[in-house]
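Following this line, the structures themselves.
The two complexes that follow have chain A in common; it is paired with chain B in the first and with chain C in the second.
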Partner chain A sequence: MSLTGARGLARISQNPRCDLQTAMVVGQVDEVEFYEALTRRQFEGEYGERASARRRGDKFEASLHGNNAANLRRILAPRFGYDCERMYVRSLTDEIPDHMADAHRRRYLRTERVLADVAGGYEPPSVPHLLIEPQLRLPVSGSRFVYVAPDFAVFDPAAKCYVVGEEKSMIVRGGSPDRVDLERTRRQAGAETLALRALAEQLNLCARVRDRAIFVFSSPFDVTPHPPVEEYLHAEVSEIRRALERYRAVSEELQVYGRRDEKKIIAHTHQLRINFQNSCLSSCALFYHCKSRVSETVLVLGDEAGDVFGGATELEHLYALADGTAEASSAEEAALAARLRETAALLGVEGIYSGKG
Partner chain B sequence: MLRGTVRESMTISPVLKIMPSQAGPEDTASNVALREALLEALSELTCPTYTDELAPYLRARHGRVYRTLSATRIEREVEGVFHRYGAEDMSSSEPSLYTAITAEHGEPIMKLIARTDWPLTQRVVAATTGRVRHLLITARLCELAIKRKSHFADHHALLRLAAAHARGLPDTVVRYEKYDLEEWLALALELIRATSEEDEEARRGAAARLSSLPGFHPVFGMPDERLEVGGV
Partner chain C sequence: MGTDFDLLAGRLWSRRLGRALPVRSTYSVAPDPPETFGIAFIRVAGEERVQAVAYGLMGACPSVITICNPLARGAHELEPFARALDEYLMGCYTRKRLPRVWLAHPAALTVLDLLGYRYQSNRHASEELRTMGRQCRALCEEAIFPGQQVLAVASMLLTEHIVTGQSTVEDQHLGAVLAWVDPPQGHDPATESQRRSLVPAAALLDQGRDKKVERLRRLARKCESRSELESTNGQIHALLEEGVAQEWSLLEEARTAFWRLGLAPAPPSYTERLVEASRDRLRYFLSFGANQPSRPHSLARRLDTYEYLAALVEERDACSDALVRERMRKAGRVIAVRVESVDQPGPGRNPCTLTLTTDQHVQRVRPGTVLKSADGRIRGRVVTLAQSGEGQRHIIFRLLEGVRKGRPRVGQLLDLIDTVPFDPRRVKRDVYKLMREDESPIVYHRRLPPSVPRHALPDRLLDLAEGRFRR
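Let's look at the complex of A and B:
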């Protein structure tokens, strides 16, 4: 999975205390290659998107953007009171394709120009009703940026400004898509909203940008789009702000600024703080590497064990407390030790902690 | 380009002549042949055309010789025109390929290709042009598929291209392998008649305004750096 742009920031926001993950985002590494370079072993787990899911995603996007974004116009027009046949569409990737030199910066200049026209009092059709893949950016430090690109941005006549939008081919059933997928998407949109606000601030349009986004999902019928869903993203925007702070801090610490630099990150890996948790299994290629780093602590038993016994507690100490061979250093430890012995007795596995059960 | 009706006759564009002084390492036989084919295709389609429309069109028109032609290949060819010709050379050179430009600021649209010998009003994209262009090219593809079958090496590919465009027509359902060409053509022409005059006026106004901007080039438009907010 990509660690660039909004996706990378969304990853950081899901585990902001893990500086190793943040370093991978800052260094724009390929996760699997990084795992193999770090561990000198082949990555054998499942990783990334299934090819069929990616094909479906590409097909969904093509169906929305083709023919002057006909399908996207059809579903957005009623929401914003437009005549869909008269909506002005500009595609920034049609104007500056990916293979062109300096594509992100040039697309950003054009997006900035559109917003400058809005600041100058222009409204559609003097500016587009719909922008496909506008380019935005979040400042990291000095003149360095993380570039993010919403799938689209639609002009809201009530707010007199654009609202970012995300297209996901996940199917909506019973009125909402899968919760886990939606969470990632909301965080991405949070990053994009923050970036739009950053641009709007430069142009004195900040008051027009709210923490919200439009989501276009798929219906259960082929790749027909579901009517758009609008969601407010206050929590996600706040989490992305925190993620950006971690990005800046780790970037400064490693002196890596938005270019691929695996070697430097590998050299610092053991100094970087990790925050091992259950969700790492489904989200990070370094799960087994980090699990080995915490294998002697309670964390290896799971998040709940870490919450109850304290993440830094060594397993050996816990076993010793439970079988009475170590003295409790506090009343809490003594209470825990007693609970562990009770539980073992209930289950009929006394002595398990000393390996004799 | 965007006339009120689609012309029935097809014009064949003049063959691109490369003057010896302009010939460079990019001017291999295959590159020259590709440029000629693209110029001819644009004349046949009569309007600026996206590279991911031109690639399948050339495959339908010429068959296997363009079997692996990609949109990116065409974009790189067009991008090379900017580097190959100086601004002064371009105004007096033979017809070539370059991009359409936006009406607001004259920015090149790198995937939307036009002939450089078309007047500026045909190469400008105003707010209404996206829609009218789609209608025009849909109508043109249907017309070619009906009337010029023998002109295409792969007529079925042309039908699929026409059908893909027809999906963007309002209230139109396109069924697999069912090509209602006459119906699509009639609907597109009706919609063109309703909107083309407004679009032509918008493009004329934009062309006149852009032409008066300092630094604006009639073929290459306005480079992005000149338009940086707060810059020159």
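Let's look at the complex of A and C:
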């Protein structure tokens, strides 16, 4: 549920028509504080990652990156035809830890230099086989950027360029991880792929960057990694592009440029479009707030109801059509009213309307 | 897959009424046997390890295990659970009864499955725990089969049988669903559902208790005296017991609410087949292991089994559940027909051809479609179709079964359904045997054979067409 970096863009991509969520990402708000400031009520639900989940994630990452990324080398080497003992690894977070001033920009410059060497015709071992947490960035407007950092990038000798990778401690059973978790991870990787392409474009390497990523998940046994999975991300890259367009548009509209500014966003909330949908429940702290804004419409019954009845249709209008107290304005509405009555009869609740229609 | 309009409209009416509405007239599972076993877990988020489990016969006070240090190597704390599960399953087989294990929601099923993966062949675990692992895997493998009758996941069963006045995504919270199934007097179910959604129903402690347990575990690691450690661990146990008691209570409430829907049982003629298949499969998994198929033939056999069972389930629903049958009718899968004439030269013998008429708006029928009557008396194949008037259609229907006693009379009204289960497995066994003998590299080998070079096309295509071209 993070709003920063690739995760923030992934969230926008899941619901690009919701300008309120986009504004929250642009303004880098604290979601719970934002909810409380907006609604003037205490946030009652649960929010944030559990300590045990965060610890597991850290443990998984440490197990992959420790000892010069021995475990990560071991599982990636066969895929790319390397000798894992001879793989050259650079960890940019080891070289420039987070606490150092201007860490993101400095790591980005180092990443840029590595890619420049690749553009200059260098291949491993002159450039690293494996980069741990390279820094990339996506331009949003003018000279402004969103920094994104894949967990790793591995050099593909066939493509002569790096492929981004994500490490997730979610457990894989029967060969595939949970669908919902995988979808978020794929979108994150889509943002990272786009950022890699943005850098490659500057170095005339664009043709070598494909819309794909490597995923490393966990097996059911402690933090032992599952064999890596490579996936193509055409759809996700396309959706992140769309998310970036929305990011730029909302940023321009609110004149908020990547710094925390909750007050400005709250002041403009009434003019920010919302797009309430099923996926909001698991991704946004404002789910119940937005649900209350659409409580009179069919959207409270879910996305399918919006698709079939029309998102702005009021529940009372449908009830009135079914019981004949409202006139159908078209043949379609008349047919709809008849079908609603049929369903009521089928489910044994025809007494629910007066049957005047 | 298209949206089922009736289910969507059902949500609309459910919201109006202020309670859930059944969308089936029969239960999809056989009645609970006299003894059913329930399991409720509390897991460590992310690790998916058990830190508390409540288990035992449903309707009775559960046994509870709480684990202060769930990430430690040894898991002997789970041995009483392992023994209880084994006793229940083996007891059912001794008495030739179907086991029935209740879980609250899919998250509990995931925890059960992971217990299976982690212990079934764990050399560091006791034999009791390895047996538990195999049994957990067997149960979870059985859960995937259409129409299975062993594992009852309450939230999935409830949402299969009712619609609520909220969205499908909110229905994923069992407490939120129960607010609609059994709305408290004087309370709006939508508000109650939202209130209940604030408490996790996914085999987790609520965040408040979770933070306390985390803090106490950190304290426990720094305890200097035995009494201090015991006191800290005691507090952890108490919090875990509260959490798992809540999960057990949710499970009991869901099971009671399910059976209180008051639907009719499906006829034994349909259910018995599924019960027997479930019992035999589980016995096989318990005896020989529940390894997932990975080779071409075993995968193909597994898919054949899924397909056949899905057809049996659909047949049961179409023939014995009035509500489901009406929904299938709207999709054209069930057709109401009238028998206009019967052409049977030899009484009680083949051939027997019926002329049927229907004015049903949606029909998914074409020449060659095999249909059977909902009462199971006749089965036949559509020979031809023709429009015969405004909105009316004539169907010439050759009987394959039911030419004697089941033969319908002129004027009789029938429901014909397009689900005619056929068990292909015996036939396919022979097919797979032949395939194995043929050993096509496309199926059996990792690499494709080298491509066969094409011969150049002849200059005169007419020669080719007239068969004069010789390779």
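Couple of notes before you dig in:
The definition used in the following text is that the second predicted complex is superposed on the first by the 349 of 357 C-alpha atoms of A that agree within 3 Å, B and C clash if a C-alpha of one lies under 4 Å from a C-alpha of the other, contacts with A are read in each partner's own complex, and residues count from 1 in each chain.
Everything below uses one rule, namely that a contact is a pair of C-beta atoms (placed from the backbone, for glycine too) under 8 Å apart; a residue touches a chain by one contact, two chains touch by 3 or more.
What you see is a predicted model; the values in this text were computed from it and never measured.
For the composite obtained by superposing both complexes on chain A, the positions of chain B and chain C are free of clash and fit together. Which of chain B and chain C touches more residues of chain A is settled by the count: it is C. In the superposed model, A:V300 lies in contact with chain C only, and not with chain B.
Look at A:M100: by the touch rule set out above, it reaches chain B but stays clear of chain C. In the superposition on chain A, contact of A:G142 is made with neither chain B nor chain C.
In the overlay built on the shared chain, the residue A:V89 is in contact with chain B alone; chain C does not reach it. Once chain A of one complex is fitted onto chain A of the other, the partner contacts of A:L109 are limited to chain B, with no touch recorded for chain C.
Of the two partner chains, neither chain B nor chain C is touched by A:G81. When both complexes are overlaid on chain A, the residue A:S126 reaches chain B alone and has no touch with chain C. Of the two partner chains, chain B is the only one touched by A:N67; chain C is not. Here chain B and chain C sit at a least CA-CA distance of 10 Å once the structures share a frame through chain A.
In the three-chain superposition model, chain A touches chain B and chain C at no common residue. The part of chain B that touches chain A in the complex is made up of residues 50, 72, 75-76, 79, 102, 104-105, 107-112, 127-128, 130-131, 133-134, 164-165, 167-168, 170, 224-225, 227-229. Considering their complex, residues 44-46, 48, 50-57, 169, 171, 173-174, 220-221, 278-279, 281-282, 288, 298, 300-305, 307-309, 315, 318-319, 339-340, 343-344, 346-347, 349, 352 of chain A touch chain C. Of all residues in chain A, those touching chain B in their complex are 66-68, 70, 85-86, 88-90, 94-97, 99-100, 106, 109-110, 112-113, 116-117, 124-128, 203. Residue ranges of chain C in contact with chain A, taken from their complex: 3, 5-6, 8-13, 15-17, 21-23, 44-48, 110, 113-114, 117-118, 165-170, 190, 194, 197-198, 200, 204, 206-207, 210-211, 214, 292, 323, 326-327.
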